[in-house]
Amino acid sequence: MIADSPLFWIIALPFTASLLAICLPARARDAVTWLGGIATLSCLVLTARLYPSVAGGETIRHEVEWIPELGLDFTLRMDGFAWMFALLVSGIGFLVVIYSRYYISPEDSVRRFYFFFLAFTGSMLGVVTSGNLILLVVFWELTSIFSFLLIGYWYQNVAARDGARMALTITAIGGLALLAGVLIIGHIVGSYDLDDVLASGTRIRSHQLYVPALVLILLGALTKSAQFPFHFWLPNAMAAPTPVSAFLHSATMVKAGVFLMARLWPVLSGTPEWFVIVGLAGMASLVLGAYLAMFQQDLKGLLAYSTISHLGLSTLLLSLGSPLAAVAAIFHMINHATFKASLFMAAGIIDHETGTRDLRRLSGLFRYMPITGTLATVASAAMAGVPLLNGFLSKEMFFAETVERHADHWLDIVTPYAAVLGSALSVTYSVRLIHSIFLGAPPESFPRRPHEPPFWMGFPVLFLVLACLVVGTIPGLTIGTYLHVAVESVLGADTPQYSLAVWHGFTLPLAMSTVALVGGTLLYLAIGDYLEASERPLLLGRINGQRIFEQVMVAISWRGARSLEAILGTRRLQPQLQLLMLAAVAAGAIPLAVDGLTLGKYEVKGPELAFAGLWIVGAACAVTAARQAKYHRLASLVLLGGTGLVTCMTFMWLSAPDLAVTQLVVEIVTTVLLLLGLRWLPKRSQAIVEPVGAAARLRRLRDLGLAIAAGAGMTVIAYAVMTRIPPETIAEYFLERSYLEGGGRNVVNVILVDFRGFDTFGEITVLGIVALTVFALLRRFRPAPDSIERPEQQHIQRVFDEAYPERKPDATAHDYLFVSSVIMQWMFPVIIVLAAYLFLRGHDAPGGGFAAGITMAAGFILQYMAAGTVWVEDRLRILPVKWIGGGLLVAVGTGAGAFLAGAPFLSSHFQYLDLPFIGEVPLATATLFDLGVFLLVVGATVLMLIALAHQSIRRLRASRIEEQA
Amino acid sequence: MMGWTQHLLIAPILLPMATGAALLLFDERRHRFKAGVNIASTLLLLILSIALLRIADISPGPGSLTHSYAVGGWPAPFGIVLVLDRLSALMLLLTSVLAAASMTYSLARWHRAGPHFHTLFQLLLMGINGAFLTGDLFNLFVFFEVMLAASYGLLLHGSGPVRVRAGLHYIAINLVSSLFFLIGVSLIYGVIGTLNMADLAMRLVEAEPGNRALFEAGAAILGVAFLIKAGMWPLCFWLPPAYTAAAAPVAAMFALLSKVGVYVVLRLSLLLFGSDAGALTGFGSQFLLFGGMATIVFGAIGVLATQSMGRLASYNLLVSSGTLLAAIGMGDAAVISGALFYLVSSTLTVSALFLLIELVERAQEPGANLLTVTMEAYGDEVDAEGDEEQEVGLIMPGALAIVGVCFGCIALLLAGFPPLSGFIAKFALLAAMFNPDGLGGEAGIGGPTWVFAALVILSGLAALISLLRTGIRTFWAPVEAVMPRVLVVEAAPIIVLIVACVVLTVQGAPLLRYTDAAAQSLHMPANYIDRVLPPSASGNETGEIER
Amino acid sequence: MNRVLPYPLLAASLLIMWMLLNAFTLGHFVLGAAISMIATHAMTSLQPSKPRLRRWQLLPRLAAIVMLDILRSNLAVATIVLQGRRRERVSGFVAIPLELRDRTALALLACIVTSTPGTAWVEYDTDTEILLIHVLDLIDEDGWIELIKNRYESLLLEIFE
Amino acid sequence: MSATILIWSLTLAHLMLVLAMACNVYRVIRGPRAQDRVLCLDAMYVNAMLLVLTFGMRTGSTHYFEAALVIAIIGFVSSVALAKFLMRGEVIE
Amino acid sequence: MELILAIAIGVLTGSGVWLILRPRTFQVIIGLSLLSYAVNLFIFSTGGLHVGQAPVLGPDGSGTLAEHADPVPQALVLTAIVIGFATTALFLVVLLASRGLTGSDHVDGREPR
Amino acid sequence: MTHIESLPAWAALLTALFVLIGASLTLLGAIGTLRFHRFFERVHAPTLGTSWGTGAIVISSMIFFTVLQSRPVFHEILIGAFITVTTPVTLMLLARAALYRDRAEGREDVPPHPAALRRKASSGGED
């Protein structure tokens, strides 16, 4: 079971506690702290209790299937190395909790802090115990995310926001690279399981994808560990609360990178590529970090650069490829964690007590806080590599390794010098740290009067410093066995002989240590005052990583992206439509060009003169409509009608009477519709000046070309289709069964209401939806200011009418329709009969519900035109929305009626009913369906037209209200 | 005779249709009643789609899982058939989940922002479901139109200059694309003589070579129409303005609309141009691959370039479209399985983001706390009385924190960061790309695959950078954050969608097994054809759900 | 009768229309009757001005006269078109004071005038009751006034008022 | 013989009617005024209707009747709308 | 016959495409209408051309493709006509709303600078 | 064209005659729209087609189908009737609109409104 495994709980506990923390009430500050302490302590204890099995060389595994298909399993795996790190993480985590109890001020949200902190702890423990590389990436990214949230804990500060963002951006880039690298590893190995991967070192190194995998994984590791050239995010992350820095930037987060390099060291190391990349990064970080640390005025900044430098040391060690170097690297990782965590916490105490972290303002603090001063001094000494402290031991091993020959490369020759230089600089900044803060004259005033912190706040520092001392003096008795377990689990059979003795005799490494210590101290004596006064580092001061990063980010992700977006995209409609057309023309033309177009020979009778004439008329209308649409809208509309008419005639000519009828009625209603709209468009006479000149001409020419291409393409395709021998189509089936099984002679109509009634079902829905949309839109319609006025004609006629008061008001309008409206009204019942005729005939002859519906709607419109909206609506109560709903329901109800007969939706049923006197009457459910169509079409058409027409009276109503006001 | 359960297949179309139509018969001002009916219908649809998913997934293995329903009792290929397989069932479920979320969200205020919202919403569902279910090319056009028409209405829902301006472009472009659709379909009919997709696939093999060029032209023009909908660069510039302008619950549904285009491309390209298609095998796949990758690039650039959250979400949608299209272009079953997982996850995420944006904006400016609806309806004599009633529902405590957490989760999901399903999805895609024959296979990795993989990863990075910028600006930078008035019905759907993503993370394996089976069966078009076309096409006895 | 069938003539005409369109069978009589009833009722709800047909038996005579006149005018106008500019021709407006009040009758007159090639109904002012027509071949203005008034208006007055 | 005459006369009628449409379309295109265009569009409708009738005779089929009837009964609706637009600037008041 | 119709379709398409690439909304709507004529004719033409062979069956109620035109494209055109009508109406209203709300009848809702 | 051959000669000739008459009248009307120079003249032209142009073709159609189907076919008469009734509506409205537009532009060749005439006359009487 899951719960049985302590390994599982080591991960689960912090996460559970984290969620609990955020759920606790805001007042329960102590409870939250206790929760954090218990969680970390439990992890610590759980980890510690695993020691016996780990020490026996066993690898504890805990596997839960997650997505086995993809090789992703929730595999936890603990060996000595992981154990060592888990201990470090949970141990220092616990100390940080104790410390934070006193650090986090009452104004800050403790819940939020522990939410993030514990989740981070869990993620970090996940990273070290992941037994599956993908799972490792998961936890890896989680550490990035939670570190982002922790760094941004005081998000009110700009520095915190910027630092957090930069940290996340850099580490996330690295994390993604790591993912890619891991994927390649998976591709090479065939598994993401760490054990499998560790067993496939040779295979990986000899694979052609080794270099990309290596580069990507190193990208992940180096960014995480803030190694050159990705180091710059770490100093900016110092905006985090100090406990966070103590935890993340000494012991955990940044350690993840070197941890990973050590973890995969057996698999990836030993090649020239590894040596060069890792070595360069490590060496540069070592020296540069130490150099820049000297110049820092911010206490935490100094520690941050120092961290970069010390991690560089570990990295450099790992690059060397020798097992002994790896041992040293692992040892230094542990040592660094202890002294750096204590230093960070000490820095936090100083900041907490004095209110500043500025080295220039801090001075003579020893007098006020001797204990803290002592502890910090010891820790600094460990950092500087002073003998009898843990830092000295690993540094000694480091020197010993650097003088060895590892590769035939200039880098290898430079290493010892760089090592000494870095160590010397490290001594310099360590001395400066102590000297500047604790010694010298106390300043006139601190923001607060400093004193020693409460015992439990100082306790973690004390504990860690003691650890430095103990390890530094009796390494063999203390760390020795544990280190050996860790080392052995990484190196396995390659584990070298090494000794952790304090004294190895007068060796070259000792000499190097001495040089570094003396040189560093002398350097401080020489330039200490300069450092104290410097604004920015010498030489490299102008190179500000943060600024470069920000500039690059702005350039690439903001300005660059914006200009690219503008180049690659557009927000204007015309270019978009051009692209659409271009795409369609290309889509049609390319296959034809590639596969070759063959024109068929099939032809219905030769060209007919009248038909040609018809299309001369049609084409003339179309082309003129296109030319006139800009300045003469009405003309264009009329010409469009002409084109439509010719289209109708074509349908008629070519055996499609149904289409002819439908197109006709639609044509008529569309014309009315567009005319209704025309009233709200601006007058073209007051036209906006259109762009002229060469560019505009070119644009028009291009559009013309596109239009001609599209037209030509359609001509070719249409001609090719028409002249082919027709394929065997499904149509035969319809012709055969239309009458026998569909009960109708008009095959088109039977297809529409029966064979493919489902299409019609959707189609009327479209019409209904559009009508509702039109209605909705027009309810919110606001005419443009220049359209609100009555049309010019009405204005003139009104003036005329007012000039002749003896006539009725609005006499012109009245007289205009006085006679003709009579005929228009008398046509109403005729149109109803026509609609009924088209509807009932539809199944056997041209017509059908749609044509009937539009016809009926035309009848209504005619009444509106004849007598005006108000007049009609006083007399006829048309509820078009109900017609729409009713029509849809009739259609769906008819279709669903088939369910009762156990047949699929829309299955039709027809029979001949023998009525007395009348004879046989065909009754088809399809007719009922068509009734639904009819109802909907009437409703939708009327709704659209009337909604438009209502705009005119809305305007009247509005102006009337205005007049009253 | 058919049992009632066998009609389940058509229910996802009929139910929303009937609901939408019935709602028209009631007075527009009965908002609560209509909302109740709508939500009940949407939940029923959710249950229905779960049932259909179970039907589609009832037996193990990829084959013999296609169910067909001959509408009107006319056998395929003559009549219209609806086809249910794993892919369509998955899309149906996704639709109904999003619908339930959006619908709930809209109850806070949006459903009263204009007339007939509920009907339009239900009819949109009808269109989407129909597009997923139909096995007929022209019927697909019809359902596309239903869907588009409803989307026009919903996009314009609430009116206002921004929406109308965006709507004009959206409608113009979709009208043109509908014309392309028609040209493509009719050309295919003219050349091949059928409209049924399965029949088409079958006849294509026998089609004479002389007709092939014309068919290809038709298919390509059809493809342009779908790719416009799916949002492939350079046919996608309409999408960000339109989706940004739409009301939040509408935009959340729109996140699915572009997936309909993707769905159709996937369905048709594997059915018609699959491995059995002879000379037509792989037609257009290169184009999809490179077009998809271009779309990812453009989407990622847009993601980086934008300041507005709406556009951010839209561009993320483009990225996801591009990813899916390129994955289809790769044509590999494993990749498509990953892509389907990605589709589900990314759609849920972007929908959640679209819903969230409004709440976030409410937190940014105090004015937004006022009813946006009221502001827009100001001075409208028709709607005035409707806004008297207060918004319904409880006000969410701790809204800002919840909004922030949701935003964080969505950011992780979009960027494809662990631990949420966005990561699983991208990992599934990448793993399939790197290991086309499964982990440990021998197949190498081709050049385009490298580019595609890089783009998948880098687009996530772009999303991260942009969301980080936006998130910090929104949640961290303001000195005095306004406590937004967020109703429970607004926050709950977002949380539910995010929780769904969490579930996808934890229960990734079952879904991946499902998508795997779906992808496998897509790669066996013969199965589909056999199930859709009755053994003897002349038989009358059809219209049953066939197991 | 009035309530069931407010416009009997209309209903009958519609019925005839229906049977012309379909067939003269009993079935279509029944169906047509139903449909024409519906249509008539729809018309009723519009409440149009109801014409009072006094002597509807004169209608066929009017129709015959008009058809013949139209035929004549057809030929006349066709000649004009064919002649083109060879003949001097004056066209112009003629104002005719009318006595006809009934709107339906006016509509009928309008149909007659307009359907006759060569004359076009242009404007009717309800206040002055003056009809303005346009004549294509205006030789004798008074002749046209006479024609309209005597030949058509008087007959229409007889039928309607 | 008589059949030939009928066929020829129907074909001729087609041509004449199409020619009539062409004449009308000239005015629709050239105007000069909007009323000319509307007038001639209306005339085109009538020409088209007559074309439908003659075509019905030529094919001996009654399926074309509905189209002609539709033009006869509601063909004038759009022309009325256009005319009213010219007069009042608004189709429905 | 085929050639005439093909050219006609081409001319309608060309005019329509030209118009939808224009900047004024009214031009676009006329263009869309012309394009839908073209597309309807195209759909129609894919069934092949037939004169005097309407797909309306005789009294015996039987028929084959030899004596009747293909009814399927006709049915498709009918659907397309309906949808075209609906969308024309919608586009019209949207362009009016756009003109009303933005004050411009440019397709982008603002005059180009 | 088998159906045409089954037609008796007299019917065929009669049909042909009426068709040609109708088509010619319509064509002449259309030519009229080309030839006439003013709108108010052009307005007369289409009536050729709508009156006897339509009439002749309707008659020929009735003859044709009556003979062809050996039963009375009269429904075409409806077309004639409705064309006669509806065309005037268009023409009246259009002519009046044209008149208004000409008056609004102050053209001299159209008569003023009757009301204006009357006022002129009455004011003239006062003088």
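Lettered A, B, C, D, E and F in written order, each chain numbered from 1.
The criterion applied here is as follows: a residue touches a chain if its C-beta (ideal position, glycine included) is under 8 Å from a C-beta of that chain, and two chains touch if they have at least 3 such contacts.
Everything quoted here is computed from the prediction, not taken from an experiment.
Contacts with subunit E and subunit F are shared by A, D. Counting only chains that touch, the fewest steps needed to get from subunit C to subunit E is 2. In this assembly, A is the chain whose CA centroid lies farthest from the centroid of subunit D. Interface comparison, C-F versus A-E: the pair with the greater number of contacting C-beta pairs is A-E. Relative to subunit F, the chain whose mean Cα position lies farthest away is A. Computed centre separation for the pair subunit D/subunit F is 11 angstrom, with centres defined by C-alpha atoms.
A straight line joining the Cα centres of subunit B and subunit E is 28 Å long. Mean C-alpha position of subunit A lies 60 Å from that of subunit D.
Inter-chain centre distance (subunit B to subunit D, centres taken as mean C-alpha positions): 48 Å. Taken residue by residue, subunit D touches two or more other chains at 17, 19, 21-22, 34, 38, 58-60, 62-63, 69, 73, 75, 80, 82, 84, 86-87, whereas all remaining positions touch fewer. Counting partner chains per residue, subunit C has residues 17, 21, 110-111, 121, 123, 125, 127 touching two or more of them.
Shown for subunit A are the residues in touch with two or more other chains, namely 571, 573, 577, 581, 637, 653, 657, 669, 678, 714, 717, 721, 726, 729-731, 734, 756, 759, 763, 766, 770, 773, 777, 780, 793, 797, 806-807, 816, 819-820, 823-824, 826-827, 830, 841, 845-846, 948. The list of touching chain pairs reads A-B, A-C, A-D, A-E, A-F, B-E, C-F, D-E, D-F. Listing the residues of subunit A that touch subunit C in their complex gives 806-808, 811, 814-815, 818-820, 822-823, 825-826, 828-830, 832-833, 836-837, 840-841, 863, 872, 875-876, 915, 917-919, 921. In the complex of the two chains, the subunit D residues touching subunit F come out as 1-3, 5-10, 12-13, 16-17, 19-24, 26-27, 33-36, 38-40, 42-43, 46-47, 49-50, 53-54, 56-60, 62, 65, 68-69, 72-73, 75-76, 79-80, 82-84, 86-87. Note for the complex: subunit F touches subunit D at residues 1, 3-5, 7-10, 12-13, 15-17, 19-20, 22-24, 26-27, 29-31, 33-34, 39, 42-43, 45-46, 49-50, 53-54, 57-58, 60-61, 64-65, 68, 75-76, 78-80, 82-83, 86-87, 89-91, 93-94, 96-98, 100-101.
Residues of subunit A touching subunit E in their complex: 571-574, 577-578, 581, 602-608, 611-612, 615, 618-619, 622-623, 625-626, 629-630, 633, 636-637, 640, 643-644, 647, 650-651, 653-659, 662-663, 666, 669-670, 673-674, 677-678, 680-682, 688, 690-691, 703-704, 706-708, 710-719, 721-723, 726, 729-732, 734-736, 738-740, 745-748, 751-752, 756, 759-760, 763-764, 766-767, 770-771, 773-774, 777-778, 780-785, 787, 844-846, 850, 937, 940, 944, 947-948.
By the touch rule above, subunit E contacts subunit D in their complex via residues 51-52, 54, 56.
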